[in-house]
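Read through the structures below before going on.
Shared between the two complexes below is chain A, which has chain B as its partner in the first and chain C in the second.
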Partner chain A sequence: MSEFSNALSVSSSGLQAQSQRLRHLSENIANVDTPGYRRKTIAFHTTMMGSDTPGLVETGRVRMDQSDLARIYDPTHPMADESGNYEGSNVNLMIELADAREAQRSYEANLRMFEQTRQMGRSLFDLLRR
Partner chain B sequence: MFEKLEIFQMAHAMARHAGSRHAVVAQNMANADTPGYKAQDIADFQSLMGNAARDFQMRATRPSHLNMSHSPGAPAVFDRPDAIADPNGNTVSLGSEMMHGVNAKRQHDRALAIYQSSMTILRSSFSRR
Partner chain C sequence: MDISALGVAKKYASAKTATEPSSSQSAGEYLAGITRDFAATLQETEETAKAAMTTGADPHALVQALAQTEMAVEAAVTVRDRVVEAYQEILRMPV
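So, the complex of A and B:
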């Protein structure tokens, strides 16, 4: 039975990590037009607490993408410099959307695993019923 | 068949194995996007049983092992050998993990079905009708 609870806790850590990732992705997408916004990225890593405990997945620190901000030409913009350019965000919508799709897929896979573990546990309990 | 109720031990071991394998698959699935993570697996139930199927006993290095009074240790976990790495060094493939998970669930169902039908046979031999 402890294997089942291990599996459940691992799956729920996966769900949590993926939803965290999706949260930052939606933040990036919402700020695609904010001047000076740098896209946020988070890294996943595995935590091993002991030899017999499973490898839970955890999200690391939030980092800012240090790539160059897009320079947009708009002399009427209040933040434009002498040459008429201002700095936009470095969010690429295509990347964010592809990342969001991947996060959703992984989330669903973890959810499927969670459900499967519960079914196995339930069929074990059904043995006690009769 | 029912002298030492080995079929129950067998079903127990099979269900246990399916549970451990399912936990490993869940771990792989959760780490499907972790950079550098290697997909893990444990050996098949068949290969753990080895040639034990002939004399219907679990294989053990010492007879004191596996007599089910104290349960056997968890099977050894190893990196899956045939996995292909992503650019970030991750070797989990969601599709094959899904398949392994379903296989583990089917093995578990099978073990429980064996247990239940043996139980039914045992019960009907006890009942007076």
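So, the complex of A and C:
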């Protein structure tokens, strides 16, 4: 339709992508003590909205972080091997928290854009009303 | 005297064609297109709202659809107000 509604859809896709990112981050944080858990990462990419209107951000495939799992010494653990170690998760809480904060900031930025677009549209119609 | 009256009549006739509405079909089609677009936006929003309430669809889509509908309704109401105002202005004109 108009550029305003295009802007609204783009902002909305950004909100959706950031909330999905936050979902995977919370999954990582919840599984920080799960043995053998690999942290999930998610990639963003752009999709074309119309013929040549670039726009909507979309989340790609979920990937597993292939870095080494933490080895934890606990001989009483049921999954411990002969040396008394078992494999924990490779989630680093510091990284996850920083990433969550970044997701929050990006979400807020998209929200502001959404609000601004609405405000601009309203001002335009106010002009017509006078 | 007679000639000048004829001239005035001619001028009046030419002015009359200028005030005639332009080919009404294109304007009508244009308005119909806008109305159809408006109705489609409303229906889309209604379906999104229904889905969000019943099946728990994405709330972002609902917010976006509501914002778009708000804009569409506001535009339609504004245009209608202007049209009604113009009619009232004509009705108030002393004949």
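Basically, the second predicted complex is superposed on the first by the 122 of 130 C-alpha atoms of A that agree within 3 Å, B and C clash if a C-alpha of one lies under 4 Å from a C-alpha of the other, contacts with A are read in each partner's own complex, and residues count from 1 in each chain.
The criterion applied here is as follows: a residue touches a chain if its C-beta (ideal position, glycine included) is under 8 Å from a C-beta of that chain, and two chains touch if they have at least 3 such contacts.
Given the structure is predicted, the values throughout are model-derived calculations rather than measurements.
*Asks:* Given the superposition on chain A, are chain B and chain C in a clash or a fit?
*Replies:* Fit: chain B and chain C sit side by side once superposed on chain A.
*Asks:* Could you look at A:Arg105 and tell me whether it touches chain B, chain C, both or neither (first, second, both, neither)?
*Replies:* first
*Asks:* What is the contact status of A:Phe4 with respect to chain B (first) and chain C (second): first, second, both, or neither?
*Replies:* both
*Asks:* State whether A:Arg129 touches chain B only (first), chain C only (second), both chains, or neither.
*Replies:* A:Arg129: touches chain C, not chain B.
*Asks:* Which of the two partners, first being chain B and second being chain C, lies in contact with A:Ser19: first, second, both, or neither?
*Replies:* After superposition on chain A, A:Ser19 lies in contact with chain C alone.
*Asks:* Per the contact definition in the header, classify A:Gln119: touching chain B only (first), chain C only (second), both, or neither.
*Replies:* Touch partner of A:Gln119: chain B, not chain C.
*Asks:* Please tell me which partner, chain B or chain C, touches more residues of chain A.
*Replies:* Looking at chain A, the partner in contact with more of its residues is B.
*Asks:* Go through the superposed model and pick first if A:Thr59 touches only chain B, second if only chain C, both, or neither.
*Replies:* neither
*Asks:* First (chain B), second (chain C), both or neither: which does A:Asn90 touch?
*Replies:* Neither: A:Asn90 stays clear of chain B and chain C.
*Asks:* Examine A:Asn28 and indicate which partner it touches, taking first as chain B and second as chain C; both and neither are also allowed.
*Replies:* The answer is neither, since A:Asn28 touches no partner chain.
*Asks:* State the minimum pairwise Cα distance, in Å, between chain B and chain C in the overlaid complexes.
*Replies:* Comparing every C-alpha of chain B with every C-alpha of chain C, the smallest gap is 11 Å.
*Asks:* What part of chain A is shared between its chain B contacts and its chain C contacts?
*Replies:* After superposing on chain A, chain A residues 1, 4, 8, 11, 114 contact both chain B and chain C.
*Asks:* Chain C touches which residues of chain A in the complex?
*Replies:* Counting only chain A, the residues touching chain C are 1, 4-5, 8-9, 11-12, 15-16, 19, 114, 118, 121-122, 125, 128-129.
*Asks:* Using the touch definition from the top, list the residues of chain C that touch chain A in their complex.
*Replies:* Within the complex, chain C contacts chain A at residues 37, 41, 58, 60-61, 63-64, 67-68, 70-71, 74-75, 78-79, 81-82.
*Asks:* Which of the residues in chain B end up touching chain A in this complex?
*Replies:* Residues 15-16, 18-20, 22-23, 25-27, 29-35, 37, 74, 94, 97-98, 101-102, 105, 108-109, 112, 115-116, 119 of chain B touch chain A in their complex.
*Asks:* Which residues, counting only chain A, touch chain B once they are in their complex?
*Replies:* Result: residues 1, 3-4, 6-8, 10-11, 13-14, 17-18, 21, 43-46, 52, 54-57, 102-103, 105-106, 109-110, 112-114, 116-117, 119-120, 123-124, 126-127 of chain A touch chain B.
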